[in-house]
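Please read through the structure below; I'll follow up with questions.
Going in written order, the chains are labelled A, B and C, and every chain counts its residues from 1.
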């Protein structure tokens, strides 16, 4: 009891005391569960824009509300696995571990990962070797790849991101399980797709990777890889290799409103909306 | 050292006129007491002598106030003025530093840095204030640990350390007990041969005891000024005698 | 009526105190229960001195991030504390009375602005300027500048309150001895409020080392030992914010251990500063 009194007597506690009480009361009151019937969709920041569009269309014709939370692919997978959410979003394939834990992935669309540079950068095309060299920090100046004399600033996602995992594996940027991107001398890590885009948009010397749909051609532009541009055609016929599968995730055996929604996305109607949004539809159903 | 001469001195706080046409001479090496009821302007005039009224907004002054070659109202060199004219306040206000640093504060302000010189000044000032024997072994104690009377004597020592010509005291003993009051009055009598002292007091017996000259203020005017003995035994003006005899306070 | 009210209110106060106490205990418990096992598995030395942070490989070394956190924190303190002090002195001593209310209102507004807004401002204004001097712009310097701005309101309000509490009498005494106004503040007021200043610095330090949201936006987040203030760095807090969402198992324990390291560090700094205070007092 004396210890408690001694600790409580520290002035800091006295200052915070009444405020903390009020705040926790308010916090408890504010902690309302979302309206019953609302379904959470948690996961990849890359899938989120497409999902927002699909959910909006779906809600017009179906009595169902959704709550989308953009927390990253791995978070989404874990949330589905642990039962914290009925639907998850991922921009990378599941690991064997995750599949064994009962997570099922439905491939609903394909996102192209674009390599983006600032709109003012004269470069429009780079070879895969050049890209590997840039992102691993070996090529450090734009004039080594035909651009102006400026240092290259690499912008990447953080380690748990689906986009990064996809990019690294397709670009062979992982050696001995270590990411080569970490060796780039001028490296900025953006917390989410938006951050990466912002960092490329605001800086002439930046280069980064992001989903094709966030390229606005006002501040950032995509470049061709080995002269293959990220057009819808090139993506669908597989010539443009930097592709990201977008998945909706459910727990094994899930049925009901969540499954209905996923089925709708995979239906011709849903896929139509996917291509209206600008993503590439899957050519076959699960 | 020189006399302080006020000529047609007026002071306004905004629209309110606190001092009306003061004309007086404060003779050097004498102790002049300012007496009068509360709010009569005596403290205000006192504070004008070392320009402490500058701290108050909206103060306007006309007339002249001159000390020898120094024009008090117009000078820009406040630091020099306040070195020559020191002030002790009603409530003892020692700095929350050691006794030594309190007394050394003034000299340090005016550029004296050498330890030996400071040591000497501190001792001399504390002796003048009759504090040296009491405190010489405890110079590094905090000044706030002293009693009220000691603190006020310390403040006097502090003011004396810059070797001023003039010492202004604004009711210096009103907050103190009789023993401390007596000690301070003794102190002032000793130093008045070396300094011009101007003291505001509410205590007429005190004025009678230690001052050489007395100035009586009322409602911002200087009613009468003269030798102490004359003012108290044969005041010229009726208001003066009314105040002295306690007809009003 | 009062007879019933008194025990109820007393009881409420006790409950509130208990909640605070329990919350603190809860936080410490969470950190320790997950952090300790993590530290044991990784090895305290490996954890603190390791230079690589690769959760996918189960490599957890936080040394570069320790450097980053220390750099940003002390940089922000070095910049923010003197500035805050000077602004407080300005408001109290130089600024005309009638403007005081407005400036103080502005400072209170600054204190209320959310961290993320400071981060956005940093991205929009600070980072491009730094990029012009040295790429990439997102750097330890950017974080230092943004964080020092965030600790200013705290510094200014506390110092200002302290200055206002210094009695006018002491200032008058100093002026009457011939000292100038500014030097009076320096020699009399500042030493007088030493305890307040120390409290302000401790508070500012806590805010600086704990800042994550704004730092994530402007610091660059590259896990490397900073070569200069222009290097892209990741602080311990930014790392936790970026990865906690999806960390599991040892990764999560490692992040908890990071929190533990921060916590212990802050306690050590507080103890150090308290000791310094006591030593000076005895003098």
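Assume contacts are C-beta pairs under 8 Å (C-beta built on N, C-alpha and C of every residue); 3 or more make two chains touch, one makes a residue touch a chain.
By chain, UniProt protein names: A = Phosphate ABC transporter substrate-binding protein; B = Phosphate ABC transporter ATP-binding protein; C = Phosphate transport system permease protein.
Just so we're clear, the structure is a prediction, and the values are computed from it rather than from any experiment.
K.L.:
Find the most central chain, measuring centrality by the gap between its CA centroid and the centroid of all protein CA atoms shown.
P.N.:
Given all protein C-alpha atoms shown, the central chain works out to be C.
K.L.:
Going by the average position of its CA atoms, which chain sits the greatest distance from chain C?
P.N.:
B
K.L.:
Taking each chain's centre as its mean C-alpha position, how far apart are chain B and chain C in Å?
P.N.:
Taking the mean C-alpha position of each chain, the two centres sit 49 Å apart.
K.L.:
Could you give the separation in Å between the centres of chain A and chain B, each centre being the mean of its C-alpha atoms?
P.N.:
Taking the average C-alpha coordinate of chain A and of chain B, the gap between them is 78 Å.
K.L.:
Provide the C-alpha centroid distance between chain A and chain C, rounded to the nearest whole angstrom.
P.N.:
Distance between chain centres: 32 Å.
K.L.:
Touching chain A in the complex: which residues of chain C?
P.N.:
Chain C reaches chain A through residues 16-17, 19-21, 23, 52, 54-57, 123, 127-128, 131, 135-138, 216-217, 220-224, 232, 234, 241-243, 245-248.
K.L.:
Along chain A, where are the residues that touch chain C in the complex?
P.N.:
Per the stated touch rule, the residues are 4, 7-8, 13, 16-18, 20-21, 24, 71-72, 74-75, 78, 151, 153, 158-160, 177-179, 182, 184, 186-191, 195, 198-199, 202-203, 205-206.
K.L.:
Quick check on the complex: what are the chain C residues that touch chain B?
P.N.:
Those residues of chain C that touch chain B are 97, 167, 169-170, 172-180, 183, 187-188, 191-192.
K.L.:
Which residues of chain B touch chain C in the complex?
P.N.:
Chain B residues touching chain C: 50, 52, 55, 57, 78-83, 86-87, 89, 91, 93-97, 105-106, 109-110, 155, 158-159, 162.
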